[in-house]
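What follows are several structures.
Next come two complexes built around chain A: one with chain B, the other with chain C.
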Partner chain A sequence: MSEPNAPQTPETPEAPAGPYVYDYKAAPNRQITMPKTVPLPSHRTYVAEQKAAAEADEAKWQKTLADYETAKAKAEAEGKDAPKPPVRPVPRKDDTDMKPPVPQEATDPDLLKLQALLGDKVEEVFEQAGELVCQVKKEAIHEALAFCRDEAALKYEMLADQSGTHYPAAKDFACSVVYHLTSISRRKRLRLRILVPEGFAPESACSLYPSANWMEREIYDMLGIRFQNHPDMTRILCPEDWEGYPLRKDYPTVGWGQRDISFREDRGGMLERIALQKAGQLGINLKQPKAE
Partner chain B sequence: MGMNQPSALEHILITTKVEKVMNWSRASSVWPVTFGLACCAIEMMAAGASRFDFDRFGAGIFRASPRQADLMIIAGTVTYKMAPIIKTLYDQMPEPKWVMAMGSCATAGGPFDSYHTIQGVDKVIPVDVYIPGCPPRPEAFIYGFLKLQDKIMTSSLADRYKDIFEEVG
Partner chain C sequence: MFKNEEMEINLGPQHPSTHGVLRVKLRLDGETVTHCRPMIGYLHRGVEKICENQSFFQGQVWTDRMDYCSAVANNLGWAEANEKLLGITVPRRAQYIRTLLNEFNRIASHLIWLGTHAMDIGALTVFLYAFREREDVLDINEAFCGSRLTTTAFRIGGLREDLPPGFEKMVRKFLAKFSDCLDEYEALLTENRIWKKRTIGVAKLSAEDAIALGVTGPMLRAAGVAYDIRKAFPYAAYAEMDFEVPTRTEADTYARYEVRMAEMRQSARIIQQCMDGMPEGPVMAKLPKILRSEVNEVYHATESPKGEIGYYLVGEKGSLNPYRFHVRAPGFINLQSLPKMAEGGLIADVVAAIGSLDIVLGEIDR
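Let's turn to the complex of A and B:
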C-alpha cells in the first residue's frame, strides 16, 4: 500500500515483522495472483466497451473492402477474373446464460429523483437486471443516504447490508463500498456505491442507520477502510491484535503465519499478550512493576 | 481343605490390581465438557440423545464446568481467536483428562486452509483420539469413544504421572 493510485502488483507480499514464520517462497502454490481487471459493473464502461468494439469491427470491414478494391483493380489490369466480393460477417447471436446482465440507462423515478436532488454529486446512475444502482462522490455519501432516508418520495428506511470490495487493478481508487438500501413501505431496493482510494475515510452511516455500526466495523476489519465519526472503529471478527486486512486481494489466503503458532510450546504466551493489551487499553502498565 | 476347593472368602472376594480398578472406574464414568465449536457439535448432541444414547457408556453427563470434567470433545473448527480459550478450558480441567478431536477440522483444519483456522487442535492441546469425518456419524463418534475407553483401561498410573511431570518440566 505504498502509493494510493498506483496499481498494486506484488506477487509476494512482505510479511510484517513479528513472531510469524511463514515462508511463502517455500510454498509456490500459495502465492498470490492479483486480478488484472476491474470487474466493476458500470453503464458508462459498458457503453464505452460497446462503442470501441463496434469501431474495431467497422475498421476491420473497411480494411477488407479496401483490400478487395486493390485486388479487383489488379485483376482487371492483368485481365484475369475478378475476385469474389467480400461478405460482411453477421455476428453470431450470443445467448449464453452465463453473461452478467447488461447495465442499462436509468429510467426509474427513484434514480432520477436522487440525481435531481444531488446534482453533480452523482457520478453514475444505471439499472442492471432491474436493480437500481447509484454511484455518488465519496464525500457526498452521508448526504445521499440522508436524502434516501428522509425524502418523502424515496423513504428507504433500512440499510439492509453494507459491503466492500478491493479492486487492486483500479487506477484511481482502491476499494468500493456498497450500501444496500431497502424501503419497506414502498417495497423497493436501491444500491448506493462509493469508490474509495487508499487512505480515504468515508463518513460513517451510523448516525442515519444504526445497523451500519457492525457492518462498518466488519469492512474496516476485512478491508482496512476507516469510517469517520464511527462510535467504535475497532475490529469485529479478527482478534484485536491481528495484522493485515484479510479480504484484500494481496492478502495470502493462509495469512501471514499467525495460525502456525504452537500454543503447546508457547504455554500461555498468547494469553499473556492479550492480558497485557487489555490492561494497556485500561491504562495499566503490567509490564513494569510499580516503583516504591 | 484342598487347593481346588473355594473357600467361603473367595465367594465374596475377587482379587485385582488397584490400577485396574481405578482405570475401570475412570473409563466407565467419563464426564465431558459441554463444549461445541461448529457443526460437529450437532452430531455430538445426536450421539448424546436417546437414539444413540452415549450415556450407555457412562459418558452422558455433560458438565457445564471444565472443573468437573474429564473429557474435552473438540467438536468443530478451531479458529485462531478461539484457541486461547480452548487452552484456558483445558488448563482448568483437573487431571486425569483426555481430549478427543472430532471431525476433520479439529484433527487437521479440514477444508479451511485459511488464515484463521488452526490446522488441528493438537497445535494447542494434546489429543488422545482423532475421529475422522465431516462431520462423523454418531456411530463413528461412539467408536472413537470406545477407543478412548480402551486407552484409559490400558493406561498405567506410573506412565501417566511420568507424562505429566515431563510436560510440566
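Let's turn to the complex of A and C:
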C-alpha cells in the first residue's frame, strides 16, 4: 500500500525495519502543539500574578485619566464641549455556579507541622480547593515521606496515589512528581510535590510505602523518571522494548505503525484499495469488466 | 527417582479465571506457589493521554470503558473531580440522583463479582441468579440514560436529564424484591460446605499489609479497617445518608464475600433513602457555554465498588482540556497485593485470590 506522506525520493527506499520503527517526527500530520505555559499551582506565583495584574490595571486607569485631562484641556483651549469623563470598568458580573478555586495561604496544622519539621527543605506550602499541598526539595522527599508516616501528629499511613506531570515549558525542571497521602485514622489527605530536572532520579518511596512499587514503575514507563533504590525499575504497561515515554508532551497522539491515510479525505480510495488487495490475495478479479 | 525442582508456569493471559488479560507468572514447588508475579499491560490503550487531548466533557466516555462493570462510579468520580477543578457547585437533586445511580452500580458490580467469583471456585448456580438481578439494574440504567453498560450518566455540573417517568416505580419494584434475592444467594453459598472449605483461611491479607500496599475497598474492610470514602470524606449526598460500613476481621476470601454481601444490603438502604428524600429543583448547575480552567491541580477520590478511584487533574489557564489526567485505578493498586496473598498457598487458591480481588483489567491497564 502506498503512503501519501512518505518522502518522495528517487533512490531506492530503505525498507522499514519493523512496525515499531517509524519516523513519526517527519510525518506532517503528527505535528504536536507543545504547551507554552507551566500550569504549576503555587500560592507565591498566584500572589505575584494578582499583584502584577492589579498594578497593570491601575496604570491603565491612570493613563486613561491623564488622556482625559489632556483632551479636556485641549477642548477648553479650542472652545469646544468638554469630552465625557471616563468611567472605570467594573469586572463583568459572573452569575454562573462556577468559581475556580485559587491558592490560599497555609493555615492547616499539618502543613505548619511539616514546615517546622523540615525547615528550609520545604519550598512552598499552600492550600487550594480544600487540598493541602507541600512542595519539598527533590533531595528531601524520602525524609518528608518518613516524617509524614511516622510522626505521631501526622500519621499518614497510606500512599494512595503517586503520579507525575511533564512541564516542557519550564526552565529549571522537567517534571513534577506528586504523592497523595491518606491518613485513615485522622481522615486527612496531603499532597507532597517535588520538581525534578531531566535525568534526576529521586529516591524511591518503596521502603516506606510498598504501594509505591507499581506506581513508580508506571511513572517510569509513562514519563521516564527513574527512581533510586527501587526493587524493580522496569516498564509495567508498555512492552519492554517500547521507545519513548507516552505521557510526555512531546510524544504524539498518533502512534507508531499507524498508516498515514486521512480517513476523511481518502475514505473511498483506501477502502477500494484494501478491497482490491484482499480480493487479489484470494484470486478474485474485482475490477469491473470493460464494456465491449 | 523423582526430581525435586521448581516449575514455572503462566496463568493467563488467556485464562477464564483471570477475568480478562491478566498474566500471572507462577513458580511452583509441587502445588505450592513459591513465587508470583502479575504482569499487566495487555489492554493498555493510553486513556490518560487521550483524555489530555480532549475537552473536559469528552473524557467521560473513556471513564466508562476503564472499569466497564462500574461505569457509573467512574463517571461520578470523573464528574466530581472536574467540578472540583473548575469550582462548580452541583444542585442537590442532582447529587441525590447521582448517589442513587452510584449505589445501583455498586449492586450491579458486586453481583457480577459474586457470579464470576463463585463460578471460578466451582459454584455455578449462583451465577445465573446473580445475573437475573443484574439485568434489572441494567434496565434501570437504560431507563435513566439510554445505555446499559457504558453509561456516560452524568455531566460536569449535574445531569443532562431529570429522572424519566416511571423511574420511581422501577426502583421501588426492585427494592421490594432485592432483599429476598440476597437471601437466595446466601442460601446457596454462606453455609455451603464446599464454598467454606475453598474460601475460609484462603488468601489472607492482614490489615497492616493491606494499608502498606494501598489496598482499599472491600479488601481492606474485610481486614477490619473501617475505611470507606463515603464516610471518611463524604461526597455527593452521602453525608445525608444513614448507612453502616460492614467490616470483618478474618481478612480471608470468605470475609470479603461477607463484606460484599453486607454492602449490597447497605446499598439498598441508601437507594431507599435517596428515593424517599429526593429533593425538588434543577439538576444542572448554571455554567458558561465553554469551560475554561484556571491553574489548579486536584486529586479527588471516591469509593467505587472495587475501592478508591481517584482522579488527579491539572488545569492550565484558559485551557479547554485538562493538562494532566491521571486515574488512580483501584484494581491497579489492589492487584499489587496478589503476590502477598498467593505465595505460600496452593495454585488453586491463586484463582480464589484473583476472584476476591474483583479486578477488571480495563481499568488496571487503562
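Just so it is clear, the second predicted complex is superposed on the first by the 217 of 292 C-alpha atoms of A that agree within 3 Å, B and C clash if a C-alpha of one lies under 4 Å from a C-alpha of the other, contacts with A are read in each partner's own complex, and residues count from 1 in each chain.
The criterion applied here is as follows: contacts are C-beta pairs under 8 Å (C-beta built on N, C-alpha and C of every residue); 3 or more make two chains touch, one makes a residue touch a chain.
Since this is a predicted model, take the numbers as computed values, not measurements.
In the superposition on chain A, contact of A:P239 is made with both chain B and chain C.
Set against each other, chain B and chain C touch different numbers of residues in chain A, with C touching more. Contact with chain C, but none with chain B, is seen for A:A160 once the two complexes are overlaid on the shared chain. When the two complexes are overlaid on their common chain A, residue A:P168 makes contact with neither chain B nor chain C. Of the two partner chains placed around the shared chain by superposition, chain C is the only one that A:R187 touches, whereas chain B remains out of contact.
In the superposed model, A:T96 makes contact with chain C only, not with chain B. Applying the stated contact rule after C-alpha superposition, one finds that A:G224 touches neither chain B nor chain C.
With both structures placed on the common chain, the touch criterion links A:T253 to chain B and to chain C.
In the superposition on chain A, the residues of chain A touched by chain B in one structure and by chain C in the other are 238-239, 246, 251, 253.
Taken together, the chain B residues at the contact with chain A in this complex read 80-81, 83-84, 87-88, 113-119, 123-126.
Residue ranges of chain C in contact with chain A, taken from their complex: 40-41, 44, 46, 48-50, 52-53, 84-89, 157, 211-216, 225, 227, 232-233, 285-288, 291, 293-299, 301, 308, 310, 312, 314-317, 319, 323-324, 326, 328, 332-333, 335-336, 365-366. Residues of chain A that touch chain C in their complex: 35, 37, 39-41, 46, 95-102, 128-129, 131, 133, 157-161, 163, 165, 178, 180, 182, 184, 187, 189, 191, 209-211, 213-215, 218, 222, 235-239, 246-247, 251, 253.
Considering their complex, residues 238-239, 246, 251-256, 258-264, 268, 270-271, 274 of chain A touch chain B.
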